[in-house]
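What follows is a pair of complexes built around subunit A, which joins subunit B in one and subunit C in the other.
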Partner chain A sequence: MGVTRNSSELLLKIENLTRNFPVGTPSPGKSKNVLAVDNLSLEIYQGETLGLVGESGCGKSTLALTIAGFLNPSQGKIYFEGKDLSSRKVRKSCRTEIQMVFQDSYSSLNPRKNIYSILAEPLRINRLATKKDVAEKVYKLLESVGLPRHYTGKYPGELSGGERQRVNIARAISLKPKLIVCDEPVSALDLSVQAQVLNLLADLQKEYNLTYLFIAHGLGNVQYISDRIAVMYLGGIVEIGTSEEIFTHALHPYTEAFLNASPVPDPKYRREIHNILCEEAADALKTVSGCKFYGRCQYASGHCKENVPKLRFVQEGNTSHACACFLYEKFLY
Partner chain B sequence: MNEGKWADVTKKIKTREYRGISRFFRRKRTIFGLVILGMLIFLSIFAPCLSGNDPYFMTEEFGAAPSKEHLLGTDMIGRDTLSRLIYAARVSLTVGFGTTFISVAVGLCLGLLAGYFGGITDSIIMRLVDILMTFPPMILVLVIAGIAKPGLITIIVTLGLIGWTYLARLVRGNVLTIKELNFVKAAVMAGYSKRKILFSQIMPNVMAPVLVNATFKVAGTIVTEASLSFLGLGVQPPTASWGNMLSDAKSLTVLTSKPWLWIPASVMLLLTVVAFNFVGEGLRDALDPSTEME
Partner chain C sequence: MALLTVEQLKIKFRAGNKYQQIVDGVDFSVRKGEVVCMVGESGCGKSVTALSLMRLHNMQFHKQKGCAQEGKILFHDVNLMSLSEKDMRKIRGNKMAMIFQDPLTALNPLFTVKYQMGEVLKRHLHMKKKEAYDFSASLLEKAGIRDVDRVMNAYPHTLSGGMRQRVMIAMALSCDPDLLIADEPTTALDVTVQMQILECIKSMQKRMNMAVLMITHDFGVVAEMADRVLVFYMGQIVEEADVFTLFSNPLHPYTKSLIGLVPNHREYKRQRLEPIKGCVSAIKETGEGCRFRDRCSYAGECFRKDNMPPLVKADMGHKVRCWQYETMPEGSESYGCHAEFI
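Up next, the complex of A and B:
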């Protein structure tokens, strides 16, 4: 599924992004910080789906909210189509070009508004529809997410979770965005509905030439929809590669453990279980000098304790697969 | 098309609204409250037709017992008690609704602003609330009533301007929760203006508790007005108010030997307050399913 890329197709570039949150009572000299996102760099290319996986609390949602502009970066920059998003003016001018689909479909829709006004108002505000054709456009949007016309009169509370998520998707695409950040959009749905919504997202991507940042905590969905996958651990990316590379030859011990932890439906294909994480994730409050995965890694050596591994490409000439681990340091380029 | 639209409308009423409405009417007390309120409003509107006698006209019988001519007797200066009772309902309802309207308007606006903008706006508004709340309301009203010319308008404005504090807190708290919800984030991403987010996205979601609270507030205000009038600082005679009618009962002779002068006014006051509270409870059950009735 090799995504050809050159810099002209670069849509979003995240450079050394750090976001911390103060914890406890702020007293001078004693303030502690949680590094939710720690010196993270990432590139998203036009038209691709980048899957972002990691366990709970690793900073996936913080990253999503920072990209969407609801949190300001503590350090680092985000560039959208080459423009620096830290400037308020730029952020405002491309506000509608980055949209988000949230995990909780219910709180994403105003319970006091019916579906028609939820979909029609953004169109009117952004002058994407005139008074005459707004109804037509709303029906079209509903149709493109597979909902019948008469749903316009319904309120969010009357819809099922899957239907609500479809309305959320319809609203997200209505403003013709370039990037949609999907923060676990299917995690709260049951399995058959998950598949429908994923197919819908894939179809819409083709139709509207969308780019997705698809965040999930499980691997199944991500494998299905993503071109590339980034694995996140405690605020940083430990491995990134094409979907195939991650699933067939994952290198980082954490990715390996992550893959092993997700259940395989058919026992015949069950992976040989040899690397299961037993320890809890390291305390995000503690600052560790070396590799963040040190405490849980079965391959860790003294070297890992002192030094921080950098994200480096695995093979020379292959610019997709990168890994941050000293185990592979000698092959890394 | 038209037919489909109507089918939609009826279906909507059957599902969403109907559930709320049926919850509202489920309790007998709520219906009782509504009936009493309906009667009170009817009385106030048609007061001149319903009361046979002029409430200000002084007959020659002072403190007469109930008779055919004066169904509830006359007061100590010879005015018909029944007509005064009916005209007083007007005063009480005006004070109740007027005050609550001012309180809700001020409390809702300031609460929305404090909750949504936070920071310095929030601090200023909430400190103002704290300051107003430290004064015992009765004392504050007494002082203002003492300074300003006592009367209906003074009462309404005074009570309205000191009664908004609890509402502002209630609204602010709700806004703080709602503004973090994803639909507000979605509205920001869709380019809604701040004004639009605050008034068309957030405000409709805080109206339910405000409405419930306002209903209880009407009852509270009517009692406060009655107390003030009883003390002589509220509605001024000759205008009738249940409070100043009760002040006649300050004398022991009236209390013991002329019960027609004070029982009707007390009963009216009691019924009104109870009715508003019952309706408020019904509204709370209908609008907020989390407080399920037993």
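Up next, the complex of A and C:
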């Protein structure tokens, strides 16, 4: 699917994006940089859901915040509908079109404002509603996320986690955005509520023709909502493909290990094997010359230590998607 | 012979002028060397049940009479509820130990790991300082920590989440407990670290042949660890079965739909999820009858019955609390619940 799209559907294009954060003492010469996002390129197409998975600390949230404009890129460019977002003027004009839903539904809502003012404020500021029809629009937003009208008078503290996340989603769609960056929107919710919120996101996508970047640290829910999945490891994407390809024909050793690490809700899949990811945690501070997964990879050779693998399309068997690993050098096309 | 038997455990907390029934008549037992998992959504009383086994929940509430408790907790045939605090202290951390969800708040930030571990050993096993140090170092090694010397001298905040949880496990296992209570030990951790911690608990459990009572809301963890499973819903056990039966033939409609909701990445399919309608209501709002009936799609007849369905034996070691489990279609797949939002 992702292979044959034409560029007219391209919504967001990230080119060689790097974002680093200084760590430790800020004294000259001693300061170290941690590369949260390292030379990453990614394309998101109109109307799709791109799932982004990876261990904590791999830079998925930094990427999300950079796309949404909360952080500036250290290097590289982000293009939204062909416009370069590094210019402040363009960024300002695109601000309503990229919205975000956060993991913690409580801290992302102002506890001292009721739901009405939370939802009315963006409409007012962006002049999307006149004084007369603000109320009407707010009720409509609440309705579209499945909350009753009388919730307008409530405060975030009175709502359950699932309801609060619905308010967050309502706020995100209020400005009619094209892209919504969802940073682990359901991780903090209960299982039965998770399903409700995921279905809501899927319904809204159809209704408003939205594009999602859906971030998760586990693989569970990503499969239900994503068209494509990108697997991230220490600031870079190691594999990207349709979700079926990733789940059924994972190529990169990291993806394979990551899939093995997630517990399967069926006792017949109980594992006996020792997973390679047990060995050592990913350390973003360590600078390596070659492949970042070198230290933990069971297939690693000397070649991997010296050279950095690029993300390239690999055709193997009945699958063809992009993967950054020297193992598939011979299958390249 | 059961190691731990809980009979008709009822716990109430005071909310305003009224008491709220948090745990309502829970019966279960844990045998020696067995792993029992308690699953349920948040607020279903699983953590309070676990805390009450250690008698940790009423410490701060006791004086204000904020908490009332009934029933029996028999551990090695001694009723823990009638023990004095002094005797309880001898059991806690010794024959019965606990690990918590958040290891950072469970460890004292002001003391080094070696001090905190040594404290347990000095208290329960009357070890000398040097002896305790060596013994804790060997425990940390068994829990899978490689640079033992660094960790021993470290303060909790300097360790990673996985490391801290390993320290907690090592500390909990230091007195060779018969029962380990693990309250969501991996919820705050990454998938890969979660796997390491589960592996660590499992290998220790096998080596020491201790019983583990594990609380979780993740069915993946249940499938991985459990021998037997207790499903909680609003302060009650609604289903009890061994792990293979529970996943292949769940009987209670709540269990059925929960298992249907758990994504299984080994059997990839992209489909719409079928959530349970509604959400957990407050316990005081439910009437006398079955507590799940408002959310259950088979609940036609149940609304006419005004009493609670009993936890009946459906099969060998399989108990269920439902009026009409016999007439329901089998398996979790066929359970057809329509998507409906709050």
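We take it that the second predicted complex is superposed on the first by the 314 of 333 C-alpha atoms of A that agree within 3 Å, B and C clash if a C-alpha of one lies under 4 Å from a C-alpha of the other, contacts with A are read in each partner's own complex, and residues count from 1 in each chain.
As a working rule, contacts are C-beta pairs under 8 Å (C-beta built on N, C-alpha and C of every residue); 3 or more make two chains touch, one makes a residue touch a chain.
The model shown is predicted, which means the values in this text are computed figures rather than measured ones.
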Superposed partners subunit B and subunit C on subunit A - clash or fit: fit
Touching partner for A:Phe70 - first (subunit B), second (subunit C), both, neither: first
Subunit B versus subunit C as contact partner of A:Asn126, first or second or both or neither: first
Which of subunit B and subunit C A:Asn20 touches, first, second, both or neither: neither
Which superposed partner A:Arg95 touches (first subunit B, second subunit C, both, neither): first
First (subunit B), second (subunit C), both or neither touched by A:Thr255: neither
First, second, both or neither for A:Asp104, with subunit B first and subunit C second: first
Partner chain(s) touched by A:Gln205 [first = subunit B, second = subunit C, both, neither]: neither
Broader residue contact with subunit A after superposition on the shared chain, subunit B or subunit C: C
Smallest distance from any CA atom of subunit C to any CA atom of subunit B, in Å, after fitting: 10
Partner subunit A, residues of subunit C touching it in the complex: 41-42, 160, 162, 190-196, 198-199, 217-224, 226, 243-244, 247, 257-259, 261-266, 268-276, 279-280, 339, 341-342
Partner subunit C, residues of subunit A touching it in the complex: 55-56, 146-147, 160, 162-163, 190-196, 198-200, 202, 217-221, 223-224, 243-244, 247-248, 257-259, 261-271, 274-275, 277-278, 281
Residues on subunit A engaged by subunit B in the complex (per definition of touch): 68-70, 95-96, 98-100, 102, 104, 107-113, 121-122, 125-126, 150, 153-155, 157-158, 168, 171, 175
Residue ranges of subunit B touching subunit A (in the complex, touch as defined): 4, 8-9, 12, 15-16, 181-183, 185-193, 196, 201, 204-205
